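Next, two complexes with subunit A in common: one pairs it with subunit B, the other with subunit C.
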Partner chain A sequence: MRNRGIPGRAILAMSALSTLAVLATFGYVCYLLSTGASALKPKFLLSSILEGGILEPIVGTLYLFAGATAIVAPVGTLAAVYAIEYSPRGKLSRLLDGALNNLAGVPSVVFGLFGFTLFCKILGLGVCLLSGWLTLACMMLPFMVRSVEEVLKMVPESVREASLALGATKWQTIRHVVLPAAAPGVMTGIVLSMARVAGETAAILFTACFYTMKGLPTSPLDPVLTLSYYLYVLVMYKPGYLDPSEVFALALVLFALTIALTSAAFAIRAYYRRRWARWT
Partner chain B sequence: MLEAVGMAEGSSKSLDGIELVAALCAAGSIAVLGLIIAFVVAEGAPALASGILTLENRWEPEYDRYGLYTLLASSIAVAVGALAISVPAGISSAVFVVEVLPPKLRDFVKVPIELLGAIPSVVYGFVGYKVIVPTISSAFGIYYGQTALAASLVLAVMTVPTILSLSSEVLASVPLEYREASLALGATKWQTIRHVVLPTATPGVLASILLAFGRAIGETIAVVMVAGCPQQLSGPIWNLLQPVYPMTAAIVMGMGEAEIGSLHYHALFAIGGILLAFSFAVNAAASLISRKASIRLRL
Partner chain C sequence: MKIRTVGLNVWYGESHVLQDVNLEVYDKRVTAVIGPSGCGKTTLLRSLNRLVELVDGARVSGKVLLDGRNIYDPGVDVTEVRRRVGMVFQKPNPLPKSIFENVAFGLRIRGIGGEELHKRAESALRIVGLWDDVKDRLHEPAFNLSVGQQQRLCIARAIAVEPEVLLMDEPCSALDPITTAKIEELIKRLRERYAIVVVTHNLQQALRISDNTAFLYLGRLIEFGPTREIFENPREELTKAYLSGDFG
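Then we have the complex of A and B:
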């Protein structure tokens, strides 16, 4: 019995080492990308790709955010409201649950194939911003619905009952009581979706992006350049087009953007989890 | 009074309308999955019907040779190689975070690890291309550092957060009474972990490994950038120092060249169908296992 305590301790020490190794990997990635900071000058960020800058990819990424979240936020929120508020045990809600689980596991490149067939080809939109919005909105759906569902489940039943007892209808209760309480969940969903959109490449590769020098898209039917796609092109097809330090700077911008958005989502989630924990 | 009744009626009508819209949104979300399956199958079927897909070790679209062995073997080699690293690292870190680390310090470890999972795959591909690929080529003295090993290492880092965050949740949900009972019987901390906590958590941990496997098979951009993408495998499947051409990479490289409606185009959708089947199978297995886990936990 006594001699078994020592290998046990050794194994736990090794588990500490592996945790350290994982943390060190994160630290190393941060350190490596921070070497791009020296090239991060206003001129680099604000001039066109024709002049060696990254203005179009930055604006293109923002366009992609705006449209994809504008589509997925209302649809995802309403789907979650239906599943939790209207029909928690209904057939449709159970189907939705299963569909979301599977949707979350579908590889992003398959979303790309799907988006290309339906939006670019069958609906005739072509490779453009709008096709990218729709494809990404489909991809974000599970994250959006799950975030809203989580916080809707946290809103105490007594709050709903109080509103209904005052004579409010089901929709009035949802509109004026439940949704305001669930707002942080909607925010988390939107911010997490934006973080995913910012970094996504495979799903927009053949639905939204062209490597063109045409400048910024002027309508949703124009193709777009994003930070993620530009980084991919620079590494795979145009090595040497930018200085190595500038490619690191581009990767740093993309990294910082996704980390900032994800941290914001975690902060909002931690806030409402603490807030509703007092109720339950 | 009458007005109030009218209002109530009016709002009960609008309530129906809103319930309908919400139901449509839910149905639409389900339809997305249905449409994905429908389109991938419809566009992939011609490739199956024409019998061009074979199991030989040659993926050469320009000669209309579509041997699946190259792609399947590459995907599996890369995913298994990744899990060989990320499973031990992820599970032992989860044990450390949940069982050893004081609760106050947990967030200092869990937050960076969750952020590790949020880094875009193109950034991982870039880091792999800049760091791992040259390191491999100098460490093993080979000309091409873009190998199965490079892809496995990148995927290992990408799948650790999945395994770690899911299995630490499972470990944390093992009831405290189990541990107390074991400790009260005189077991040491490690004996309790080894004989009580881990066996109880096994199904959930297995589910997390399956999901990580699904992620590794489906990961695209990071893999394209470091795998090399040859048209056939030069060595046996377990040779991690050869360039590989996983299924996802074949779709990305192929979609740029394939003419719409060509055999190549349909073959790419057939591969998409295989990827889809993989992800559904992994999900089904994971949920089956974790359903068993919840029964065991509720004992």
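Then we have the complex of A and C:
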């Protein structure tokens, strides 16, 4: 028998309590989401918010993601190509590296404030889909650049040499050999950075969303309603408007979206790593 | 004479890896470069198509004359040099593309397409003896091929752009004896068309396939001459010692 002193027992008790707390929290979250599941009906998903559904927030979320992704994918890819292929030790690349590390740690509400100041006010875009795209793109950028950088580093040097030795220029090598080989990494970057902002509320709170919007946005200069923002509105300003199970159903949709994006990113990345492992 | 290096020096940062190398490479002959590991064989090879410039901190002085013109002259188009001086690497390094696209790549980047592209790709695959093995699966990934087939594919890729010189960096070191024999046979056939420079660790191989041999030691060209002479009657003590296995 080991002799457990008072401190030993205290630590044991605390660990047990912590474990219980984690399990209880997790169980409660599962319970809440399961109450949401009962309200998750096609009619709820497909009807307008005016009829108690969540169609606009779903479509609005997709609009917002699609636009932000369309901006961040090429910008992030090109930044990564510059950093890895053209100037691995250049001043600009080091600056980019530092900037990305800091950006990744900035709280989202600060991004929201930044976006509001720059895009809505200074550039005069107002609170709209476009401002939201640009703000989210800034948030996604570190994840996008990092993912692409990671796969560019995985493409073996021997493959670049093969292309250059055939008389290809540097750009031809990047365009026709390196980027196609790194394409899954670009995909991972897209999904990963989408997962990062999937549940984002603070960054779009001031930049893209109005609750008073009518219907779906018809141009990038219209405001938009998203799942996370609608959830926030329901809880803060309209308690009792929907029955709780519908609020949780909304949360469940958001949750499922985030999980789906994250798992997709992991799956693509795992597949890709296996493929390269065979290669080298 | 196809290539002549005149006082060729290469530095990687502070280390002086090639010192005053004067080498001659003849058309329709195989030149073997031998020497212990780290003596600069690969660097010498890579300075003949300017691939050495990819290394950070690499510096080259002296001349590499290709048909009399220095390939390091400022006005020279490096992509054209690399088209004329093809290269096969130590480890097969097919591009992450299909079998066909590997051979087609060098042609496509020069704007060759259609009928001409297919004709030249097929002919390159025939020369390396791969056509019958792959003609029904040209669109499979090149990685599905065996290592030996991959190396032959890399040779086909190099000759598809119709180079004048072929540089081979220990092309058989990753291969088994039977495949090695096939590649050596291929080199003997390619000799009828190109000037070939082969870096090899394998002295027997140098003896079997080469016309001329260059012995490199610590970045210096110790001895250069017809292979028979080098192996039977080396002039330098160092060459004699290396060939008799005193060091390696």
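Heads up, the rule we're going with is that the second predicted complex is superposed on the first by the 244 of 280 C-alpha atoms of A that agree within 3 Å, B and C clash if a C-alpha of one lies under 4 Å from a C-alpha of the other, contacts with A are read in each partner's own complex, and residues count from 1 in each chain.
We take it that a residue touches a chain if its C-beta (ideal position, glycine included) is under 8 Å from a C-beta of that chain, and two chains touch if they have at least 3 such contacts.
Here the structure is a predicted model, which is why all the values come from computation and not from measurement.
With both structures placed on the common chain, the touch criterion links A:101 to subunit B but leaves subunit C unconnected. Of the two partner chains, neither subunit B nor subunit C is touched by A:194. In the superposition on chain A, A:169 makes contact with both subunit B and subunit C. Ranking subunit B and subunit C by residues of subunit A touched puts B first. Once chain A of one complex is fitted onto chain A of the other, the partner contacts of A:224 are absent, as it touches neither subunit B nor subunit C.
In the overlay built on the shared chain, the residue A:156 is in contact with subunit C alone; subunit B does not reach it. When the two complexes are overlaid on their common chain A, residue A:129 makes contact with neither subunit B nor subunit C. Look at A:177: by the touch rule set out above, it reaches subunit C but stays clear of subunit B. In the superposition on chain A, the residues of subunit A contacted by subunit B and by subunit C overlap at 169, 172.
Chain contact summary for the complex, subunit A toward subunit C: residues 89, 155-156, 158-159, 161-169, 172, 176-177, 180-181, 278-279.
Across the complex, subunit C meets subunit A through its residues 49, 51, 54, 56, 79-83, 86-87, 89, 91, 93-97, 105-106, 108-110, 143, 154, 157-158, 161. Subunit A contributes residues 4-5, 7-9, 11-12, 14-16, 18-19, 21-23, 25-26, 29, 32-33, 74-76, 78-79, 81-83, 85-87, 92-93, 95-96, 99-103, 105-114, 116-118, 121, 138, 141, 145, 169-172, 195, 198-202, 205-206, 228, 231-232, 235-236, 247, 251, 254-255, 258-259, 262-263, 266 to its touches with subunit B in the complex.
Contact residues of subunit B toward subunit A in the complex are 8, 11-12, 14-15, 18-19, 21-23, 25-30, 32-33, 35-36, 39-40, 43, 88-90, 92-93, 95-97, 99-100, 109, 111-116, 118-123, 125-127, 129-131, 157, 160, 164, 188-191, 193-194, 211, 214, 217-221, 224-225, 248, 251-252, 255-256, 260, 268-269, 272, 275-276, 279-280, 282-283, 287.
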